[in-house]
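In what follows, subunit A forms one complex with subunit B and a second complex with subunit C.
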Partner chain A sequence: MSQTPKMLKDLGALAGAIMASGVSVVAPSAGPGPSRFRRLASAEELAMPRVNTQLPPKEHLFPPTEPLLRFRYRGTDVELTDPPLPAEKLVLLGVRPCDAAGIALLDAVFLADPTDPFYAARRANATIVAVGCARADDDCFCTAVGLSPHSSYGSDLLLLPAEGGYLAEAVTDKGRQLVAAHASLFTDAASARAAAPPKLQRASLDGVDEQLQAAFADARWAAIAARCLGCACCASVCPTCHCFDIADEASARSGVRLRSWDACGLEMFTKHTSGHNPRPNQPARFRQRVMHKLSYSVASLGRPLCVGCGRCISHCPVGMDIHQAAAQFATSG
Partner chain B sequence: MSESWEPRIVAFVCNWCTYVGADLAGTSRRTYAPNVRIIRLPCSGRIDPRFIVRALEQGADGVLVSGCHPGDCHYTKGNYYARRRYLVFNSLLNLLGLEPDRVRFAWVSAAEGNKWAELVNLTVDAVRALGPLKLYAEPSEAAPVLQSSSEQTAGGMPAIDTELAERGVRQAARELLEGGDAELVIGYVQTPNGTVVPGFVSTPAEAERLVWNDRCVHNLTTYLTGERIGANGKVAVVVKGCDARAAVALMQESQLDRQRVKLIGVECHGVRGECGQLADKCGACELHTPHICDVLASADGAVSRPEAPGTEPTSFPASQRVKAELAELMAMSPAQRLAFWRAELSRCVRCYACRAVCPLCYCQICAADRNQPQYLAPGSDWKGALSWEVTRALHLAGRCVGCGECVRACPQGIRLDLIQSFLADVVQRELGSVSGADPQALPPLSTFRPEDPEEFIL
Partner chain C sequence: MQPMDNAYKPHLVTVEAITDETPDVRTLRLTFKDPNVAHAFTFRAGQFAEYSSFGDGECVFCIASPPTRKGYVECSFKLAGRVTTALRDAEVGDTLGFRGPYGNSFPIETFVGHNLLFIGGGIGMAPVRSIFENCLDLRDQFKEITILNGARSVADLVYKQQVAEWERRPDLRCVCTVDPGGETPDWKGEIGFIPTVLEKMAPSADDTYAVLCGPPIMIKLTLQTLAKLGFPPERIYTTLENRMKCGFGKCGRCNVGPVYVCKDGPVFSAAQLATLPPDM
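== the complex of A and B ==
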C-alpha cells in the first residue's frame, strides 16, 4: 500500500463527523463506574485515557448477556423466535492496539466455523479505529506477546500519535472507506513521522507456550495460585476471554435463552452434575487460564490469546500476575 | 396501560393462620378482589425474600406476605425471625426505590377472614393506582449522579511508620510457627514487581518474608473458609482492625475455631485504596488496634498477648462520603433512586467477584449457582443483576463488616458499600446490632426479640 501518508488533526472532529453521518461512535468516555467504551451522544464526550480504559471494548461486540432465542409454549407445541440480529452501524474509536488485537482474536473464535451469527452481525457493522499508545504503564506487556504499542493487528484504521495529530494508516477496506468518507479531515503529510512507541519493561514470553506445556504437572502451580480467590475478575476485564454459559430465564408459559459470560477461574465452570470437578482446585483453574492464554492458543490459533493489556494484573484483588507466572516457567525451562 | 389490565397479586401465606383466614373469608361469603394468587407455605419464616423478588420477576404487579401474629407461631418463633428479615428487606426495597405499596406485609390469623379480605382489597386498590409493575421495563428517567461522590474523600495518609509493626508481625509469626501454634501463617508479602499481596509462610525462617505497610489492604480472613489455603490445620492470620471484625463475624457463625486459628493483630492507621489515597473505609475506622487477637503487633514494635487488645467497634465503618451519598439518595424520589440503582446494578456482569473475595460468603453452594430450582434470574441484564444483588445484600445484611473487599474487587465498580452501609444502619438503629463486634453475640437475623419493631407490618 503506497499512498501518501495522511494526518488527522483531531480525534474529536473525526468522532463528530462519523456521528453526523449517522453512524454510532463507541469510544472512551467518562461516566459512572470504571472507564470504558460508551456510545457517545456528542463528540465532546470523547475522553482518551492516559494509557487505556479500565474495561476493554469487548462488551460492544460480545455483550455480557444476550438472548439467543425466545420460546413460548402453545399447547403441546413450542414456538421459537430468533431475536433480531444487531443492525447498528458503529465505529469503535480510540481502541488501543492491544484491544484491537483482542478483537481480532475474538474474530478467530467467533467467526470460525460455525460462525456465531450475533457476533458476526455486530462485527460486520463495526469499524475499529485504533489509536497507538504514547505511554505504557507497569502492567502493560503487549511486546511480550508479539504485539506492540503501535501494532495494527485487528485495526481497520490505525492512528499513531505524531506531531500535530495522528498519522493515519488505513489497514483494511473498512478503514480506507472511513478515511474516504471523511476525507476532508485527513490531510496529506508526506514528511510526517509517528512518535516512537513507549518502551515496555516486561520480558518477552516468546517460546513460553512449549515450556508451559512441559510444566503442566509442575508442583509450583500450587504455590503460584495459592492466593488466587477464584473471583474471575481477570476474565471480566480481559479483552479476549470469550467463554460463556447458556441458561433459560423462563416462566411456565414462555422464556428466553440467555448467553452470559463465564470464566474458567470459577469453580462452577467445570463442575459436573455428579459433583466431580476435573479442575478440582484454584491452582488447576488458574493454570488453565495461563495455559489457554499462552500455550493452547498458540497451537490452535497460531498466537497467544493474550494481548498484554495488563488489565487482569492491575485489577486482580490479590495481585495475581499472568506475566510473572508464565515468566517463571520461561526462565527456569 | 391497556383498558383490560388487572393487577396480579401473588400472596405468600402461612399455612396455619393466613391460609385458614383466607378460607374463612370464603366460607363467610366475604367478597373481595379476585386478583390474588395464594401460595401456601408452612410458616412466614419460610417465606424467603427471594420468593418475593421471583414473583415480581415472573410478572406479579404486587406481593402480599402474611403469617401468624407474634406469639402465635405454630412453630413457636418462625414469625419472629421472619419479622426481622422483612424489616431488612422492606428497607432494602425502599433504598432501591420500589414503590412501597407493591410489597406488603401483614399478620392475619385463622380467625381474621375479614382482615384478609380488607387486606386484599387494600393491596389491589393500591397496586391498581400504581399501575402495572414497571420495574423491569425501560427506565423512564435518566440516572441521577450523586454529587457527594466526588466531594468527599477519606483524607490523606497518616504519617505513621510501619516498620516497627512489621518487625512485630514477623516476630509474632515466627513465635507461633516455632511454638507449634500455627503450621501456616497467612500474611502479606511483596512480589518481585513490588506489589503487596497475600502470602503464606510455613517455617520460622520464612517469616522474614512477611511485610506490613499501608498497601496491606486485603482482608486475609477470606482464606479461612471453604477450600482455601487457611481452611484446615493450625493457621495464624494477620488481621487489621477491620479484618478482626470479619474474624468475629465468622466466630459468631461457628466458622472460625479459635483453637485452630490464631489471630495476629496489627495496629493499623490506614491503608491505601484506589489512586493511592487513604481507603474509603479507613476514614471511619475506630479499630486502629484490633478488638480481638491472640498476638498484637503494635506500631511501636511491641509484641504482646493482651486479653483485651482494643475496644469493640460501636458502629459500621461507613465513611463520611458514604453517609453523604446515602443522605443524597434518600432525599430523592423513589423513581430517581430506582433510576440510580438501575444504572449502577445494570453494570453487574454476574462474575461473582464480590462473593469470591467476601470473608462472609462461605456457603458451599451459593443460591446463585443453583439451577434445580433456579432461584435467581440467570442473566446479567437488569433483571438478573437485581435478582443477584438483592439476594447478596440480604444475605450479608447485619453480617457485613464493611471491609470493602467487594467494592475493591468489583470489575464494574458497583457501589455495594452503599447498600451494606444502609442496611447496617437499619440493623443498628432498629435491632441494636453492630456487625463483627461481640464474638458471643448472634448475627441479628439469626435471632429476635419479642419486642422487635413491626410498624411496617399491617
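== the complex of A and C ==
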C-alpha cells in the first residue's frame, strides 16, 4: 500500500504527545550512571545520543531480574501464585535500528512455543519507534551482519533523519496506529528524502557462519581469548543476549523464584555439580559466544544473533572484539 | 490478565515413597496433587523434568520410571548440591514441584522387532531404566534384550531391587559389573570397566539397537567399543546431561552447536552426536 511520505519535525513533540495520551515513553535520557533508556517524566528529558546509548533498551522487555513464581508453605502443602503480568503500555522511543533488530531476535527466542509469558506481555504492550543513524562509531558493524543504520527490522515505526526532521515509515500496524493517533505531528512530505546512512568501516561477516563451524578446533582460539577476563560485561550490554539463571529466594515460609541474566562467558554457566565443565576454560567460553551469535544461530534462527551494535567491543575492559575474532576466520578460512 | 499460562510454574507433587539406591543416590516416587493433572499426565521414556524444592530451587533429572507404569513418576538423583540436598531432605508426604516432561525421547517404535542392548553406568542407569522397563512392559514386541549395569563399587550399584527381579527373568540377559577394586568378597557379578566387560560379552550388532548412558568418559569409551563390535552409529542412542534451567529452549544454557539439548535432545543417536562440536 503506497502512502504519501510523512515527516515528523520534532522527536520531543512526539514524546510529549505520547505521554499526554497516557502511554509511558521509555527513551534515551540524561541521568546518573551509563546512558540508557529511562521512563521519561517529561519530554524535555529526551536526549538522543550522538550514536547510541551505552546500554540497550533490552532491560525494559527482559529485566535483569524478575519473579517467575511465588510460593508459600502451608504445612506440608505449598501454595503457588503467578506474579502479575506487566500491564504498562509503553513506547520505546529513539531505539537505533540495531537495537530494534535486537528486539526482533529476542522475540524469536521468547515468543517461540512455549511462549515466555512475562516477555510476551511486555512485548505486546510495547511499540518500538526507531530512529535511523546519522553517524556511526568505529565499533559499529550492523552492515557486517545483514542490517543497516537505516534498517526497519524490529521497528514498528522507523524515523529516518531528513532535511527538517525525520522521514516516518510505519512498518507495522502498531506503527501505523501510533502515527494515526498523533496525526497532527506527521505532515505530508511528498518530496522528502532520507539523508544517506553513514558508511561503516568494518568488513562483512557474510558466510562466516560456515567458516567458524569449520574452525571449532582451531588453535587460534586460545590466543584470541587469552586476555578474556570472563566478566560477562559483553553479555550485559548486548541487545540480544538472553541467557538466564533461575534461583529461589526464600524465608522459611515463603519465597520467590527469580530469573536473572546469566552469560556463557561465566565459568559457572555450564559447570555441572559434579565439577565436570563442558567448557572448562575461557577460550572455550569465548568461542561459544562467537559461535552461538555468528554461526549456530544462522542455522537455528536463520540469521546471526548479533546486530552489530558494537557495545561488547566498546565496553570490554580488555578490548575483546567479536567482529575481529570472527573476521579472522572469515579471511584466513 | 490472569489466569495465565505460566510456563515456569511447576505441578505440585507429593513424595509417595523414598528408596535409597546407594549411600548417595536416592529415588523419589512422586504423585501429582491435582487429580486432573494426574489423569492427563503422559510422557515418553527419555524425557526429563525440572524438580523443585520451593526455597532451594530447581534441578533437572530424567524421569526414571517407565511411562507404562501409570499414576506416578520417579526420579533418581545423587546428593551433590543445594537442590539435591533439599530433595534428600524431603519426607514422605512432603510437597515438591515438577515441571515437565521436556525434550525428545527414545524412538521405541523403531526398536520394535529388534534386539536391544542397554548399558548404564552409575546414575546413568536412570534414563536407561525408563526405556528398559518400558520395553520389558511390552516384552513380546522385541527380540533379545540384554542389559549391562555398571558402577564404581557394589555399594554404588543403583536399582538393586529391580536388578534382582531382572536377574530372575528368563527372557532377558542382565549383567552387572563393578570397577576393579569395587568388588566385595561375595560379589558374583563381573569385575571390570563397562567397555571391557562389554567387549567380553561381545553382543551381536546384527539387528540390534543399543541404548547407553553414564558419565562422559564412560559414554566416550563405550561408543568406541560399540563401534568395534560393529554397531553402526545410527543404531546407538544416548542421552545427554547438560546443565539446564528453563527446560524449553529459552535460557541458553544447554546450547551445543546448533542444538539445544533440552528441546532437540536429550536423546541423540551416536550419528547425531558426531555432528556436534566436542563441547559436552
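By definition in this document, the second predicted complex is superposed on the first by the 333 of 333 C-alpha atoms of A that agree within 3 Å, B and C clash if a C-alpha of one lies under 4 Å from a C-alpha of the other, contacts with A are read in each partner's own complex, and residues count from 1 in each chain.
Criterion: contacts are C-beta pairs under 8 Å (C-beta built on N, C-alpha and C of every residue); 3 or more make two chains touch, one makes a residue touch a chain.
Keep in mind that what you see is a predicted model, and the values were worked out from it rather than measured.
> Is A:Leu85 touching anything from subunit B or subunit C once the two structures are fitted on A? First, second, both or neither.
Second partner only.
> Look at A:Gly230 in the shared chain and tell me whether it touches subunit B only, subunit C only, both, or neither; answer first, second, both or neither.
After superposing on A, A:Gly230 lies in contact with subunit B but is clear of subunit C.
> Of subunit B and subunit C, which one touches more of subunit A's residues?
C
> Quick check on the superposed pair: does A:Tyr73 touch subunit B, subunit C, both, or neither? Answer first, second, both or neither.
second
> Between subunit B (first) and subunit C (second), which, if any, makes contact with A:Ala121: first, second, both or neither?
The answer is second: A:Ala121 touches subunit C but not subunit B.
> Between subunit B (first) and subunit C (second), which, if any, makes contact with A:Ala247: first, second, both or neither?
both
> Given the touch rule stated above, what does A:Trp261 touch, subunit B (first), subunit C (second), both, or neither?
A:Trp261: touches subunit B, not subunit C.
> Let me check the overlay on chain A: which residues of subunit A are in contact with subunit B and also with subunit C?
On subunit A, the overlap between the subunit B and subunit C contacts is residues 247-248, 251.
> Under the touch definition given earlier, write down the residues of subunit C that touch subunit A in their complex.
Against subunit A, the touching part of subunit C is residues 1-10, 12, 52, 54-58, 80-81, 84, 93-95, 97, 215-216, 241-243, 245-246, 248-253, 255-259, 277-280.
> Which residues, counting only subunit A, touch subunit C once they are in their complex?
Residues 68-69, 71, 73, 76-78, 80, 82, 84-85, 87, 109-110, 112, 114-117, 121, 216-217, 242-248, 250-252, 255, 257, 259, 262, 264, 269-274, 276, 278-279, 284, 288, 291-292, 296, 299-300.
> Tell me, which parts of subunit B touch subunit A in their complex?
It is residues 58-59, 143, 145, 191-193, 195-200, 218, 222-223, 227-229, 343-344, 347, 349-353, 355-357, 369, 371, 374, 377-381, 383-384, 405, 408-409, 411-414 of subunit B that touch subunit A.
> Going by the contact rule at the top, pick out the subunit A residues touching subunit B in the complex.
For this pair, the touching residues of subunit A are 32-34, 55, 64-65, 138, 226-227, 229-233, 235-237, 247-249, 251, 258, 260-261, 263, 266, 268, 281-282, 315, 317-321, 324.
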